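As written, the chain order gives the labels A, B and C, with residue 1 at the start of each chain.
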Amino acid sequence: MSPGTTATALDLHPDRLFPAEPTVRSIARELYAEVVDLPIVSPHGHTDPAWFAEDRPFADPTTLLVTPDHYLTRMLHSQGVRLEDLGVRPRDGGPVAEPRDAWRTFAAHARLFRGTPSGLWLDHTFATVFGFDVRLGPETADHYYDGIAAALASDGFRPRALFERFGIEVLATTESPLDDLAHHDRLATDGWNDRVITTFRPDPVVDPDFDGYVANVERLGDMTGCDVTRWDGYLDALRQRRADFRARGATATDHGHPSAATADLDVRECQRLLDGARAGTLDPDESEHLRGQVLVEMAAMSLDDGMVLQLHPGSRRNHSPRILERFGRDKGADIPGPTDYVDALRPLLDRFGLEPDLRIILFTLDESTYARELAPLAGFYPCLTLGPPWWFFDSVEGMWRFRRAVTETAGFANTAGFNDDTRAFLSIPARHDVARRVDCAYLATLVAEHRLTPDDATELAVDCAVGLARRAYRL
Amino acid sequence: MSPGTTATALDLHPDRLFPAEPTVRSIARELYAEVVDLPIVSPHGHTDPAWFAEDRPFADPTTLLVTPDHYLTRMLHSQGVRLEDLGVRPRDGGPVAEPRDAWRTFAAHARLFRGTPSGLWLDHTFATVFGFDVRLGPETADHYYDGIAAALASDGFRPRALFERFGIEVLATTESPLDDLAHHDRLATDGWNDRVITTFRPDPVVDPDFDGYVANVERLGDMTGCDVTRWDGYLDALRQRRADFRARGATATDHGHPSAATADLDVRECQRLLDGARAGTLDPDESEHLRGQVLVEMAAMSLDDGMVLQLHPGSRRNHSPRILERFGRDKGADIPGPTDYVDALRPLLDRFGLEPDLRIILFTLDESTYARELAPLAGFYPCLTLGPPWWFFDSVEGMWRFRRAVTETAGFANTAGFNDDTRAFLSIPARHDVARRVDCAYLATLVAEHRLTPDDATELAVDCAVGLARRAYRL
Amino acid sequence: MSPGTTATALDLHPDRLFPAEPTVRSIARELYAEVVDLPIVSPHGHTDPAWFAEDRPFADPTTLLVTPDHYLTRMLHSQGVRLEDLGVRPRDGGPVAEPRDAWRTFAAHARLFRGTPSGLWLDHTFATVFGFDVRLGPETADHYYDGIAAALASDGFRPRALFERFGIEVLATTESPLDDLAHHDRLATDGWNDRVITTFRPDPVVDPDFDGYVANVERLGDMTGCDVTRWDGYLDALRQRRADFRARGATATDHGHPSAATADLDVRECQRLLDGARAGTLDPDESEHLRGQVLVEMAAMSLDDGMVLQLHPGSRRNHSPRILERFGRDKGADIPGPTDYVDALRPLLDRFGLEPDLRIILFTLDESTYARELAPLAGFYPCLTLGPPWWFFDSVEGMWRFRRAVTETAGFANTAGFNDDTRAFLSIPARHDVARRVDCAYLATLVAEHRLTPDDATELAVDCAVGLARRAYRL
């Protein structure tokens, strides 16, 4: 930092995120003390398994912390910053800012994150991972860049060292069925197979609207030797890849569909839809039917192999065609919309809803469904469990809304604990810390209002931190 | 309770459900002191009038408290407990658990209700009705069963004694137009006619999708001597039964439609729909029109006979066809969905919306309509009043959400006070106590933030406890 | 006030609307001290420019404060008061209550506003503008009427004097393109052109369902000399009027569409829709397309002339045809409904969404879109800014819900500060005071929970009070 600048202190208050009322705060502190040192269980996320397999130093501050984090880049974009200026490479290979310049641009806009979860995560990461004691801003941009760059060059900041330092018990990555899982094989060789596990995410070969779907399905056939032009061969190929994933520690599948639609069609219709998908002739309703049918097939396979099915519907992805065309997917232009569960899940629930051995974890980007649909569904059907607040709602207020909306109908036992769901590896401790603090704050409020006994609150705090996730994901 | 077990104390804290902040809590306490001893006004519920007519002892703890309470059975079902193991008899008469065994199963899962309204109601009932001072759990299951069974055998726990002890001023039950109202006649003979009144719930003869609709309508014709094959005869039959109900104290009708749709069709179309319903040939839209038309006819009759019309839309009932087939209705598989009021009520409101003598009480299972649709509607149309938070939302958080979403647009005067809406007779004091506490907590918050004077808050606390309900239901 | 009555004291507590918890309250007080004396920036509202142009005394208490305020009249109407009894003149010229009688009716129902924003605004106006120290009620009706009438007759209560006294920096009125803007010309003559500015609200010539649309469009042609029967001439006419408005200080346009639908059609289809609108032959979908197309044309013009585009969708206006027929528009029978933004705005955003120089301010009457759609949209697209809580949600709870739902995804920088949006001139200080208090209370909560530094909170409090509005509206 240059001398004479006005950088303000960065200190993480030990009571942060706890309600101000002293009685509640005191109870929250006690509960938090029971969970602060528990290991991190991360059953759903998007870190790169290559990091842990190869254990090479991270490249530079910007490439690690800014450019790939669409939570950050979209916010600056909303205030007129070009994505290129944050290092986001256009598909045509056009020029982007140098890492240090991009970092300065980021630092100049750090104030945009006041009051946001990204702001909390960044401060926690900067303070606890890198030891900064001044806030990021234009005047501290280089101080930060140099400090982080120096740290990243040291052995203590290589991926496995950080993994150990973060106290991670298990971390799930997410791979396509077309992935050869070589990184996970390498991890197994090194005895890390129980620590970094994979998750089966078949969207690229399931969603006819996915970029490259036809070639993807063909490649699936090549990888498995199955005749993926036939419905039963296509299912066999998926089944075979599930087994491959399961052998690399996967306990779950994940499905990022636009809606929660499910279907239970006869085989002839399934074949017709598969043919249409490969020919590129499906209309939107047919695509929806095909995705919904595969989801039901996945549930059937889960009954056989025990994998937990995660459903993440409701994002209108790639809302801006220009951004998609110029930069590709996952650049922040994904906008939630209203999502139906009650009618959409009916075909699946009619067929498997009463199976006690099936586990389906439901997520949503439509909070109006928490109390209206999701809690009543999970509070009745044995197979359903509610995932934690997701994406935009992985936030302090989002977690409060989730607990308040869901608990009274579904209780705690029908929820799945916390997911960090992130590609931002260094933010994982911050994210779990926020979740633990908010859960303790919520439980403390119930205790202070005599809606829960202190003993129950302690047990539930531990459950929310680790127990529910371990049970929900069969870890 | 067996010696040496780990049962924890059950004590109801006098400040429960009040905010922890000392100033607010102190105001809430003062407000609550004004309402705690007021009588219970219960204008909408589902207790069995036979209980009060015959005044026989209740059978056993399980049959009274667990098996018929789908709030409880659905929660255990969601965690893999079979309904039969809770005493729920399949339609085919298959075997169910003995009451004591079912009670033990229930007790073993009592922890599922932590943080739920059922948990609050059960604790209140156990402590205040039966005097238990340890919590229900696996180790106290028999202690509870034996204690409750012994109590139920005593005169002080017969229905009328409990009714007196609970301080109930008036209790409305709900009957079908096909009910002979013999229990209410018996109650009248005993001078209880003003204390236990009936409510006219015509769904079985109004909803073409109701189980047995055709036979039900025929039976309606037989009971009334009206030609129910003709639209005017069918309406006459309903009118006649309303008069019969009115003679047994009914001040209200109740309508459990899937949606809030209303219709204002010409007589020829009405006749066509009635014919179709009796022939079983209506499509879903036509069924909707028929139900909506009858609702408007009910409003017209209300203008004549003064009965209050209650509309309870929005439940997708019998979501699980397997549960419906095996166990019948009302087994917890009823899931809310989005519910429109603005367009749906237009035909009714166009015709009668400005009538000052009509009273329609609207309920919802879609909380997103509270502030968006219901409060603006009730804040304009003289005939509309908002019912309290219903079913899943008859809860601490649900009541807070209701008051916060509705009051600023509709005020208090356009709301109808509390309904317990329960078949669980012993929980009635608990439910009213929760409502009074939350209302006092809400009002105390307004006082503490200088948004309401203390005198106004006192008056409104009494209104919320009894005054609004008496006025809304014309008691 | 008559001697011996029971009027209660009216005093505005200095801590009103601040949370009761002492730490939070103390922080809120400090923040509020920084903003309480800032000028009022009112970039969107509906006061009558004639008041400020002519600066004549207001007529009488009822005509000023009650009759034109549909927030008040609808609430009394909901409790059975006839609009005529509040001075609302029927279109047929039928009789209405005398001002003093209407005032008494209003006073007799003042209790209906307990817990509502109108109650807060009225008390603030009565206490600070008129100096009352007893509450309005039946027993103080004449005391109030006489006191207000006397005040209004004095020079200190003429519009410009009040404008100065209120500390208004700039006030935007809203006019139709058919307005000759004579009042604003008069204001310019008097050097008030920067203080009272206009806003271009083209609904009467854009919405084919608007009363008198065909004649309105013809008049637009007459005023501009453009051939409004041709699509390009029609656009030229709008462009010309925008320039006229801009010359009278307008920095914004405003659009009160039933939905947020936008369209990007070819010129031939635009001409066809315009022809159909003028012929009265459009079906509802076509009317929607036409409105949506004009909205996109307005955005294109905004790129040229720099005017900010405000979109206020979601009201089902004139819900009661009888009220519309008898009294006309804006009588309280406007009911919100679900409103889609994600798909509706796509044509507009596809075309202009990435333009950094375009500013679109989005409002909503569907709070379920705050976190689900609006914050993610504004948190990505550079052109989008979120307007403050509107209409029914311009309230204490409404503002809390907005901040909690929006901030974590969109931050503060993507919001537009406060609008009073009122025709009730005397309530303007009250409305801004409520907004400043709630924003300070919200920020104080973040500070107390260590989610925001005190320095940032101070800066943001000032931004929320004046800075964001000035920037969003380019004032």
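Everything below uses one rule, namely that a residue touches a chain if its C-beta (ideal position, glycine included) is under 8 Å from a C-beta of that chain, and two chains touch if they have at least 3 such contacts.
None of these values were measured; they are calculated from a predicted model.
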For chain A and chain B, chains touching each: C
Interface residue overlap between copies chain B and chain C, same or different (over half shared): different
Distance between chain centroids, defined by C-alpha means - chain B, chain C (Å): 40
Shared-contact residues (touching 2 or more other chains) in chain B: 21, 338, 368
Touch list for chain A against partner chain B, complex: 21, 23-24, 338, 340, 342-343, 346, 349-350, 353-354, 356, 368, 371-373, 375-382, 384, 404-405, 407-414, 445-446, 448-453, 455-456, 460
Contacting residues of chain A [partner chain C, same complex]: 8, 12-13, 15-21, 74-75, 77-80, 111-117, 120, 316, 319-323, 332-338, 365-368, 392-393, 395-398
